[in-house]
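Chains here go by letter, A, B, C, D and E, matching the order in which they are written, and residues are numbered from 1 within each.
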Amino acid sequence: GGGPGSSGGDFTGGKLVLAVLNDQTGVYKDASGPNSVKAVKMAVADYKKKYGGAAVVDDIEVTSADHQNKPDVANTKAQELYERKGADVILDVPTSSAALAVATQAKNHHKVFIDVSAATTELTGAHCNKYTFQWAYDTYMLANGTGTTVTKDGDKNWQLIYPDYAFGQDMTASFTKAIKAAGGTVQGSIATPFPNDNFTTFLTKAGSTDPDVIGTMQAGGDLDNLVKQYNQSGLKEKGVHLAVGLMVINDIHALGVDQVAGTTFTDPWYWNFDQQSRAWADRFRQETGIRPSFEQAGNYSAALQYLEAVQSAKTDKADAVVHQLEGKKINDVFLRNGEVRAQDHLVVHDAYLARVKKPSQVKEPWDYEDIVTTIPAAKAFPPAGQFACSM
Amino acid sequence: MLEVTDLKAWYGEAQALHGVTVSVEKGEVVTLVGRNGAGKTTLVRCLIGLHRQVSGAVSFLGRDVTGVPAHRRARAGMGWVQDDRGIYASLSVEENLLLPPRVSDRAWTLEQVYEAFPELAVRRKAPGTTLSGGEQQMLAIARVLRTGARLLLMDEPSEGLAPVVVARIGAIIAEIKATGVGVLLIEQNVKFAATVADRHYLLSQGRIATALDNSEFRRREGELLEHLGI
Amino acid sequence: MTQSVMPETSVTEAHAAIAGGGSRPRWILLTAGLVAALALPWLVYPPVAMDIVAMALFAIALDILLGYTGLLSFGHAAFWGGSAYVTGLIATHYGVPFPVAVVGGAIFAMVLALPVAYLSVRRSGIYFAMVTLAFGQMVYFVGYQWSDLTGGENGLQGVPRHFFGIELVETESFYFYYAALPILLLGMWAAWRIVHSPFGRVLVAIRDNTPRARALGYDVEKYKVIAFVLSAGLTGLAGGVFAISHGFVALTELEWTTSGEVVLITLLGGIGTLWGGILGAFLVVLLADYLASSSLGGIDLITGTVFILVVLLFRRGIWGTVRHQWLTWSQRRTSSRRTPVDADPAGHG
Amino acid sequence: MTTSGRVALRTQALTKVFRGFRAVDAVDLEVREGGVHALVGPNGAGKTTLFNLLTGFVSPTSGTITVFGEDVTGKRPEQVARRGVARSFQITSLFENLTSREQVELALQGRTGQGFRFWRTEKLLGRHRARVDELLAEVGLMPLADKPAGLLAYGQKRALELALVLALDPRVMLLDEPTAGMGIEDVDRTIELVRRIAAGRTVVFVDHNMHVVGSLADRVTVLQQGKVLVEGPYAEVRGDERVITAYLGEADHA
Amino acid sequence: MNAVLQYAVQGLAAGSFYALAALGLAVIFGVLGVVNFAHGAFYMLGAVATAVLLDTLGLTLWWSLLVVPALMFVFGVVVERLLVRWLLRLDPLYNFLLTFGLTLVLVELVKQKYGVSGLPYQPPAILQGRVDLAGVVLPRYQLFVFLFSVTICVLVWLLMTRTRIGMIVRASTEKPELARALGINVGRWVTPVFGFGVALAGLAGVLAAPFRAITADMGNNFVIILFAVVVIGGLGSIVGAVAAGFLVGLVEAFGQAYAPTFAQILIFVLMALIILVRPAGLFGREEAAT
């Protein structure tokens, strides 16, 4: 069906198009990639099941594109998705540079963009705009959770090692703030090249001041390198702990639990947190064969809530949908105590301080995390206005 | 020991040899003379098995070797002295000499080589191509003697050599000829050819123009020179 | 001795490649090419069309070095990306019409190329490729570290497209295409001019036999440096337009994969053909675009396979193959008309 | 041959050591303007190396080289070439993909600085046409003018080498074995040619063919193991006992 | 002082990877004239194979040090037979481009098979921890890597310069036609040499498995540094490759220690300097003009 007037809605081309733009081949392929597309399809199915004949639109298309982690490709693809493929919303978009480029396109085209996998605070700060939302997490949240909790637990003296680019610098700034606020000290912060496969020198340097803990902002393969070299450096035996700024479940899987057992980090979502999450994770496994990452769950949530907003707005017109989303309080499988903050379009929700299990505690594949504390939504994210967003 | 029948060779569409028939007997030195571009080098490359666009038959020591790959022909006893010498830059002089496998017990020892070419003994550790042009020529000749080949195919071995050395090469050719080795010698230097060879083929535009024995060759030297020059 | 990268082509053909002249087929081709360039944004998505033409000029610029000077630069991303950043910065901070910014970027690329060229031309052949690769990487790291200026990982966002206040050009990619096309066509013409100039002749001579060129009194290094800088300038022109077209500049423009991609384009089109770059760019950009929206995945798998297949089976590239067929055909035609007397290759006349 | 009083080429204590091996050892050479000077000597005596030194292809370990009084020690090949010193190569060295005509054009252009004009059309080169034809005719290559050098026979390539050297209109010509690998007829023609072009120029050449040396040279330097063994007029040198034992041998006095 | 010594050891350990891999690169170049862009990918495959073998067959590091190079040798032989060999007669740039394409394919295949996040690896306990050497506390594994790679480098050098095999191999590369005419079956040697070079890259990969992230992309940057290494050392020089490998490791370590922002650029600056003063590299032969 579709077309203006039919089923009382107002949809361009008579249909609603959800586009997932992400990395289908590169470093983010495992954490988001093709399985995020499947998660979005699950959301569409759930929406249709829930509303049945009452749905304001029944022709819903899910399309996807690979940005290969190249921002220029993301840029062209976003344009094409909005202009040619009739996309009403673009979802996911890992890699900060790509996400920022897509945000600009969303602004220019007056179409919705819900970012799930990029962490930069610029999306809801300096580069925020009316059509862009940040759904899952940001660097502030990662740093703040871990920095505060670990310091309070007694590791007061920190050394920070961070990759010398925007993400790492953001993280380090946020960590430093959080640590100081919790009564700890940062003895030094060491910038490293990126990518880098040799951290031995940096670890030696960091260890030279006898800190309680070394905080690393490395991600992905670099994190993997650093952890291995940390384990061999003998720092562990000396009692210097390791805290990690950003770790996704795939990283733990890649390193092997034994390499990172006991490490604490902040997680926006964990599949085995409670019954609700687990039930959804079971469904997800039926679709894909593996357990979901927080990005994949985030995409499900973003797509589902977007559809809900469309249902209320009865149109795919971006301004109406945005209006529905702004200020909305949400509870779903991903967002607990969630709220789409109207001021900057950051979606705040509960976050979790996780600790990697010991190999002996692992009961099933992907059963890697103990959730130590829940950080309430209000504390987990930066207060509104922290990053100077004006829409 | 070498029978070549109706050999034709091409470079792409251009034919370089138009049915060449030659033979070399044991202990015989045969020269191939002809002006530049007549096809002498091409013929020799066909014989050693490096030029593949050919038709005709080559038999060596009574066996048909048409289609046999180059390294097997070499092992069967053909030795080649390349016209541009073919010295290895990445090997020292001595390594250049040690490189080829021995194919018969006629093979020269290193001592014999150094005795015949003291120039090489002095430079034995030097990288091959740092030798002078003429020294490289000596090395190329010495290298093939090291194998003990039964048939030598020498492409202008006297080119660029000092007259004394040319004379020495002549003596060496005479010496190995006496041990039953056959030599097919490409020569521009007609005087030299006349002093060492038993028979001569005159190659012209890819064809054998004349076959002469040495006495006739000497007699008609002037006429030949003229022919070669035309 | 020769560092020619066209060992497959016969001497006659290599010679035909450098012979200039204005025969009739060339004019027909030029007209056809121009029509195709004008029609392109009607046929493919305009931003993609822009990418095609920009990459085409990039490949042509590379071919000046690769095909005509015998130098494989594996670090041309430095000039492409370098110019993209400078163009972007000029456009952002000075609000000048974009062609001015693009020219600024191209000049920067040439300035940047000068020291790189000065050092790299001390080596030739495969060494040159490695040295340029390393320098390209160095520029990448600078772009990466200097994030105050370049935006580092995030890239340079929000590059404006000023064009004398003509709104259509500034917002619609379709009209922007026609505004930017002349710059790129001019670049291609310049490449053609360079190759078919006395200077181009010397380049070929240097490619074929460097010591001999020296003995004739040519300052080989100087020629190589100039060729390098000119090539970088044209590359910069293309990179600048690319930056404006996209409205932002990403660090990937400086990565070695970009250098590799343009080599692939040149190779696919045909090394030493100049125009082959256009065909190569057309195919590669469209293929990448197609793969990005298809659910096939594995762009690198396909790119890599194309690379391997072209190198193994299809070294002349598309344009080179067409030209080869053409030459073989026309040669056969002329030689059948000739008298057999001419056919003796060794004859001193 | 007219030799004026001026010294065209002079080396003083010129030495080249390759990893401890003295290829050229304290050579003092003096070539007068207008002279035809032959350099002979056993293989490996250092003749080509001396040429390489004189033309800047190899830089000397010690010693000096002057061309018409100007010190060119350590200058690069193109710089030496632009001072009027042209060389041919012992091993043929041409631009395989260019025609004979184009190569000669290129050589002629070398002196004009046109080479840097990347904005002009190559038709510019047409202005050398007359001179090109003249040079090609001189070496007998006119009929093959439009054939790429890669397709020429060896002898023809050698002739083209000479044409290239001539095109530079050099004051000093260094010819490394100009007749190597040539048939008798070609050798004689080349002798004629060199004699003709030598008029008003200074020529230094290397050749193992005593016939060539005898017909052309008015002075001969014999090198041995990098050192000058004898120097003098041809007739004098060929009679020298040391030269006979070291180089000529008893067999061949052609 | 202590710190300086530590950095030095760390630099030498990092250099060990470069030295081993660059050695393979140099051998392949020396013999086939091929600059193998896929060397980084082969290094990656070595590490991936090590992880996979531990995971599936339980092969420990010690076994992997033997088995993986053998497997990589076979793989190299296949690559040479199938691809590289057809281009050997041509300009080396073609093989450079071929191996570039091959890199893209290999990396992508590994990504598709094993994902992008990397593979876990558990090194043997004996190599864990630290040793005290005259007051300097050093990670055991780094010491092991250093000693192991020095040993291999010396053995390879002896093989190439002191044995008949080395001689034949060098001759076959330089003038294959002539070598055949001298009675050497050239085709028989080229393939194993390529395999050998690949095995060396694979060996570096094995050593990297306990020490570095095992991801499909781990060779991408590595190979670029390798190129800088061989330019510095002089391409085709075996000694040069090894020496420059360790040198670059040291420069990297001290750069990271004292000028972290410039650590990566430093290597390329070093390379630029070398090109300026010694274009042929530290141990390279000057290209003679004839």
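Here is the rule we use: a residue touches a chain if its C-beta (ideal position, glycine included) is under 8 Å from a C-beta of that chain, and two chains touch if they have at least 3 such contacts.
Predicted model, so just to flag it, every value in this text is computed and none were measured.
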Problem set entry | Each chain counted as touching chain A and chain C at once | E
For this session: Determine which of the two chain pairs, A-E or B-D, is joined by the larger number of C-beta pairs in contact.
Result: A-E
Exercise. Which chain has its C-alpha centre farthest away from the C-alpha centre of chain E?
Worked result: D
Seminar exercise, completed: By Cα centroid distance, the chain farthest from chain C is B
For this session: Using mean C-alpha positions as chain centres, tell me how far chain D is from chain E in Å, no decimals.
Result: 46
Exercise. From the C-alpha centre of chain C to that of chain D, how far is it in Å?
Worked result: 41
For this session: Could you tell me the distance, in whole angstrom, between the mean C-alpha positions of chain A and chain D?
Result: 75
Exercise. Going by the touch rule set out above, which residues of chain E reach two or more other chains?
Worked result: 108, 261, 264, 288-290
For this session: Send over the residues of chain B in touch with two or more other chains.
Result: 37, 130
For this session: Check each residue of chain D and list the ones that touch at least two other chains.
Result: 48, 57, 77, 89-91, 153, 155
For this session: Spell out the part of chain E that touches chain A in their complex, as residue ranges.
Result: 3, 6-7, 10-11, 13-14, 108, 111, 115-123, 128-130, 137, 139-142, 208, 210-215, 217-218, 221-222, 252-253, 256-257, 260-261, 263-264
Exercise. Once bound in the complex, which stretches of chain A touch chain C?
Worked result: 24-25, 34, 63-68, 70-73, 75-77, 79-80, 84-85, 96-97, 100-101, 104, 120, 122, 127, 164-167, 193-194
Seminar exercise, completed: Per the touch rule above, chain D residues touching chain B in the complex are 18-19, 21, 41-49, 90-91, 153-155, 177, 180-186, 188, 208, 210, 246-252, 254
Seminar exercise, completed: Residue set of chain E touching chain C in the complex reads 35, 83, 86-87, 89-94, 96-98, 100-109, 112, 224, 227-228, 230-231, 235, 261, 264-265, 268-269, 271-272, 275-276, 279, 289-290
Exercise. Inside the complex, what are the residues of chain B that reach chain E?
Worked result: 48-50, 69-71, 73-75, 80, 82, 86, 88-91, 95, 98-101, 103, 127, 129-130, 143, 147
